[in-house]
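Both complexes shown next keep chain A, but they swap its partner, so chain B is in the first and chain C is in the second.
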Partner chain A sequence: MWAYILRRLLYNIPVYLGIIALLMVALRVNDPVWGFLGKNADQEAYEVKKHAMGLDRPFHEQYIGFLGELATFDFERESWTQQGRTVGDLVADSIGPSLAITVPAMALTTLVALVIAILSAYTRGRLPDKFMMVSAVLGMSISFLVYIIFGQYWGAYVLNDRLGTEVFAIQGYESGLANWKHYCLLPVLISTIVAVGYDTRFYRAVMVEETNRDYIVTARAKGAGKGRIMFVHMLKNAMIPIVTRVMITMPFLVMGSLLLEVYFNIPGMGRALYKAISENDFPVTEVLVALFAGVFILTVILTDVIYALVDPRVRLQ
Partner chain B sequence: MIACLCVSALLSSLLLGSPGSAHAPAEGARSEKVLHLPMRSAGPGSLDPIMGSTVYDNRACVKVYEQLLQYKYLKRPYELEPLLLAKMPTSDDGLTWHFELLRGVRFQDDPCFEGGKGRELTTDDVFYSFKRFVDPENELKNWWLLKDTIVGLDEYKDEQTARVEAGKAFDYSAPVEGFEKQDDYHFTIRLKEPSYSFLWKLPMFQFSIVPHEAVEHYGKQFARHPVGTGPFLLESWVENKSLTYVKSPTYHGSTFPTEWMPGDEELGIEQAAGKPLPFVDRVEITMFVQENPMWLEFLSGKLDYTQVPAENYLEAFHKRSRRLKKDFKERGIVSHAVPLLDFIFRAFNMEDPIVGGYSAKARKLRQAIALATDLYEFNSTFYNNTNIIYDGMIPPGLDGYPPDGKGPVSWLDHDVERAKALLAEAGYPGGKGLPVLDYYVSRSGNIPEQAELFKRQLSKIGIRLNVRTLNFAQLIETINRKKATLFSFAWSSDYPDGENNLALFYGPNESPGSNHFNYKNAEFDALYEKIKSMGPSPERTALYEKMRDMVMRDTPFIGSMARTRFYVVNPWLRNYKPDETFYNWVKYMDVDESRRP
Partner chain C sequence: MSERNGGMKRGEVLLEVTDLRTHFRGEEGVAKAVDGVSFKLLSGETLGVVGESGCGKSVTAMSIMQLVPQPPGFIAGGSIRFAGRDLLSMSIDEFRRIRGNEIAMIFQEPMTALNPVYRVGEQIAEAVRLHQGLDREASRARAIEMLDLVKIPSPEKRVDDYPHQMSGGMRQRVMIAMAMSCGPSLLIADEPTTALDVTVQAQILDLIRGLQQETGMSVLLITHDLGVVAEVSDHVAVMYAGKVVEYAAVADLFAQPRHPYTIGLLKSLPDLAAPGERLHTIPGTVPSAFHFPSGCRFRTRCPLASAECAEREPPLDELPDVGGHSVACHHLKEAEAL
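After this line comes the complex of A and B, so read on.
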């Protein structure tokens, strides 16, 4: 297995180098310095900033320098818009709030979606299945933003007003388990409601596909009960697509949820990246995107490894 | 490793809640006066004034730092008054300005000082703070404010830059010819040419007086450890989330103003007049990237005031009367309308081969486009008719603004027939022969939608537009390189003097300077050089008007508009007169905690 992981890592090095080159080119197509300096900048201030950031060096030098920073986990470059803060500081401070939302949301979504999908597949073609699928499609058809705005209004503002006590915060974030329900539960529920429709449909499709496999017929012939077939045989064999779907969301957990963080004022990674892009914070944007690409590649490799763990038919060679 | 990082981050986020950070208010919290204010952004970038540029940097800095001058809180039109000075600066010729510092002003206690006790502010601190403008370490970010202004400062900058490039340290002790110290409290600043606008710059937050000990002690972290002379100390700054200040125990003290404008009595300011500042013990600022949660927080009583988001305007105000709705009034909420010093326009690149130039034909083409543009339709479609539409480049409330917004040279009256006639005279009857014009706009807000309306309006006279939507960085780069034929842009005055807006048409300021129109007119330039040294006077106002109309005849832009910002204030907040020209008004605010829900 380790040889396999090492080989995959080596294969992906050129891919990552290519991504970094593309990223750097994309961020330099339009001069980032002018955009950052704004309306009063003159040529002299422009030259000083460009020199200070090393953007006047040849591209290959910048490329090698940036790769060196990534390889040595040197995230000491200072943010352009948050003076005195390095990219490393920003990541360290933002990742916790993001994970406090995304990890519970992902876990809850997967659990709920799997249960509904299994029940739906179990009652395939009957009323409960149809009802659950119509609900899933309806849920998917409504914009995330609508859920957030309605959630904030009804789930926090109106609810708190009616009850005369603050159940959920309209916005804000405080670390600590004691504060989690107050600040994070509403965004987690909203995120779950939005995502559960997509996941349910997918998992149901996987389950339904599995019901037509020969081993299910064999299990039935051997007298296995419906529940055992569903939850033991079928679920285990459906794990590969399920694991793929779960794993593919992992990098996004780290990057946070942009909309939730922006609307609920959660100082997470999504908001940090949004701020960096909208305020032309060149170093932060460059490093965060490069990190995300790296995490994504590692996740894909990890997914392959997990395939082998959940399905003995898969061999890592 | 990344998985480990994530797990530890999640655990630390969940488990390491700071004591007392729970949402329920602490026992006895009401015993102190606390302001709960919104900041409609992700927050400041730096609390080092010399590195700041945004409104948010400004708002965050001026609670801790002070400048030599400040705006009178309640007076309109704007007037200056001493802040760290004992009296207003004096000058016989506009060239040499004499200053006297207020005695007994101490920097806030901080570990950067010997024994942790703040020392008294002196002349050296003023010179040190002004020299920071030219330190390459500060990236010359605000150098534009002092460039070509003070005798010897440009030369000092060049010498020091050369020193730094040679590997030596920047020498703050080296003299600047225009800085003359008489003693610790008296000094003189000599300017290169007589300039009145120099005084308008002194209240800017970038001119805050900082102690060298703090800059040296904290280095880059000085941006996060402000040490000033102001009424508040920074207690905490949680990135992207909040700023908290507490009352400074060593504040030198000032009092609430005793002069105000008619109508200000409604704020209840008589009770506050002459009383020592600040009134509150803490200031808690929450940052909002989106307006919706800010609005809900205000409605639930957690914010003392808020700007009314455009989407919620009709929830709070009647469309026609623009009066606050009954349910808001019943809750004791009051509203304020604040006209901004905006110059919102659509500009022509005067060096463009098609729309630029100073020939009669080129002028008529631009005038035809201006007449075909219906700014009132923009106002009703996008701004609930709350914007102010006016001729010229000088925004409402300043000398040079035409009475009722209508100047003698005006293109505001939407007139399609006259536009068609002018277009024909320009050699493009019905738009024939005129190529499709590239129109550059930012993709922020509803600007792309506005571009579609503009496109439709011009199509009525046969002019076709190709809308090119860019992000702000791309837009400003295109404009700076003089590549944008026609573009949408805006200018917010740096200080409340029409001279600041007239500078946008001064030839030497051409792109990449602030003259994005690349407008060049020798007569205008000569007049601009003259007005720079003039203080407010009828003679200067007449020159402003002459220059305004001169530009209007050449029509390098279509405009103008200024936004009005609406604020609603909860009944427990006192003495608040919203303003967006200066931001040190928090010290004047008071709060009646007994009325807070």
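After this line comes the complex of A and C, so read on.
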């Protein structure tokens, strides 16, 4: 297995080199320094900035320099908008808040969606199934923004007002486990409610498809009960699509939820990238996008490894 | 392996199906896949159920095992008595203690019938654990013992194989091992050899027959292959369009078939003694289960069909001259000339 992982990593090096080249070209098509300084900046300030960033060097030198930064994980460039902070500091500070929201949200969403999906498949075509599926579609049909705005209003503002104490913060973030419930639970619940409808429908379809397989008839003929068939026989067979679904969301764990972080003012990776792009913070944008691409590639490799763990028919070679 | 024949001696009635009706609700109406099937299976014997695709033989087997998907399927009537108990009036929890334990079943497609993500040993052991409450170790030992019983070489190694590491014939042996693991008194085999190579077919049939002789269990063999029936059955039920049209001891049936459909089937067999002859065929196709013809369901394809056949359905009556041979036909005399 390790040989497989190593080989996959090696195969993906050219891919990553290509991504980085494309990224660097894309960010340089419109001069990032002019973009940041504005068209009325004087030529001298422009030259100083450009030289400080090394943007006046030939492209291949910049390319090799950036690859060096990525390889050593050493991002010493200073953010253009946040004076005195290097990109490395920014990443280090942002990743914690992102994970504090995304990891519990994904775990909760997957768990809730799987349980609802299995119950729904279990009662397929009957009232509980219909109720759950209608709820799922209703939940999906409402915009994420509506959940955020009403969540903040009812779940934080009105609730705190009624109870007379601050249960959930309307926005903001403090690190530390003790503060987690106060700042993170509401965003986690909101993102769970948003995602659970999509996931439930997907997992239910997967489970329903499994119910028509021959091995289910064999298991029933053996005398296995419905619960055992659902949770022992079907669930393990359904793991490939489930793993695929969960792993697709993996990169977003690291990159954070852009909307949630912006609206709840949580200083995570998503908000950092959003701010960097909207404020023309060239060094931050470049590094964050490059990291995101790397995380994505690693996720795809990891997914294939997990496939082999859940399905004996998958061989890594 | 515990030997258990439902506490019965050989020759007693182990399974009695009476007027079984299994229907399916479809968009076109109700499909009467099984519509008044009756037969008896004696303890220690093999009953072959033959018929074309869609005649209801598999649905009959699935009905006995209560594996018919509901909805759309439902049992519209009849009774199934097994070792003196009425299976259809039992609760599903009661029946689950019989299913896989006293009545076991093997299927047509060994390639897909096993769960692909569990080791074959675990799948055999599951049945034992469910019904006999053995622990992990004891049930694994039983699984190895069963693999040995179905003549899989080096069973202590094969027990840890996954299904995809085995051939079709091996997988069918695993299915049989699973079915035999609790020592059933009735084995239902639904086309167990159809998906296998001819040489493997013979091995599997021999295996089932050998196990039957060892344990004294009864076998309900569903097949469309008359050769298989002739070889292994004691009695035969010929099904057509959801009904049993002829029921007889195997020797009687092959010596003197009485129903025009059975006669047609036997005539359609290729004759090895006279190669090159054009094969006999029964004209037409099986009618749709949504729209069976009135009266006798075979009349649309029968050379002897008369007005009476359209009006009145012939009952499955025992012949006066041959005991235990029942035929559902209005024209028995004319049929003798076919």
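FYI, the second predicted complex is superposed on the first by the 315 of 317 C-alpha atoms of A that agree within 3 Å, B and C clash if a C-alpha of one lies under 4 Å from a C-alpha of the other, contacts with A are read in each partner's own complex, and residues count from 1 in each chain.
Methods note: contacts are C-beta pairs under 8 Å (C-beta built on N, C-alpha and C of every residue); 3 or more make two chains touch, one makes a residue touch a chain.
All figures in this text were calculated on a predicted structure; none of them were measured in a lab.
Undergrad: When the two structures are laid over each other on chain A, do chain B and chain C clash or fit?
TA: Fit - chain B and chain C, as placed by superposing on chain A, sit side by side.
Undergrad: After the superposition on A, what does A:Ala71 contact: first (chain B), second (chain C), both or neither?
TA: neither
Undergrad: Go through the superposed model and pick first if A:Ala156 touches only chain B, second if only chain C, both, or neither.
TA: first
Undergrad: One more residue to check, A:Ala3. First (chain B), second (chain C), both or neither?
TA: Touch partners of A:Ala3: none, neither chain B nor chain C.
Undergrad: Anyone got the angle at chain A's C-alpha centre between chain B and chain C, nearest 10 degrees?
TA: 160
Undergrad: I want to verify the contact counts: of chain B and chain C, which reaches more residues of chain A?
TA: Result: the larger residue contact count on chain A belongs to B.
Undergrad: Using the touch definition from the top, say if A:Gly125 reaches chain B (first), chain C (second), both or neither.
TA: second
Undergrad: Contact-wise, after the overlay, does A:Asp214 reach chain B, chain C, both or neither (first, second, both, neither)?
TA: second
Undergrad: For A:Val310, is the partner it touches chain B (first), chain C (second), both, or none of the two (neither)?
TA: second
Undergrad: Once the two structures sit on chain A together, report how near the CA atoms of chain B get to those of chain C, whole Å.
TA: 28
Undergrad: For chain A, which residues lie in the overlap of the chain B contacts and the chain C contacts?
TA: none
Undergrad: Flag every residue of chain A that touches chain C in the complex, lowest number first.
TA: Touching chain C: residues 125, 213-215, 217-225, 233, 236-237, 239, 310-313 of chain A.
Undergrad: What part of chain B is in contact with chain A in the complex they form?
TA: 2, 5-6, 9-10, 12-18, 21-24, 42, 45-46, 48, 51, 53, 136, 139-141, 143-144, 147, 220-224, 238-241, 286-290, 292-293, 296-297, 299-300, 302, 471-474, 476-477, 480, 491, 494, 512-514
Undergrad: Give every residue of chain A touching chain B within the complex, in rising order.
TA: Against chain B, chain A makes touches at 30-32, 34-46, 48-49, 52, 78-85, 90, 92-97, 99-100, 103, 149, 152-153, 156-157, 160-161, 166, 169-180, 182-183, 253-254, 262-265, 267, 271-272, 274-275, 279-280, 295, 298.
Undergrad: Quick check on the complex: what are the chain C residues that touch chain A?
TA: These residues of chain C touch chain A: 65, 67, 71, 96-101, 104-105, 107, 109, 112-118, 126-127, 130-131, 162, 164, 175, 178.
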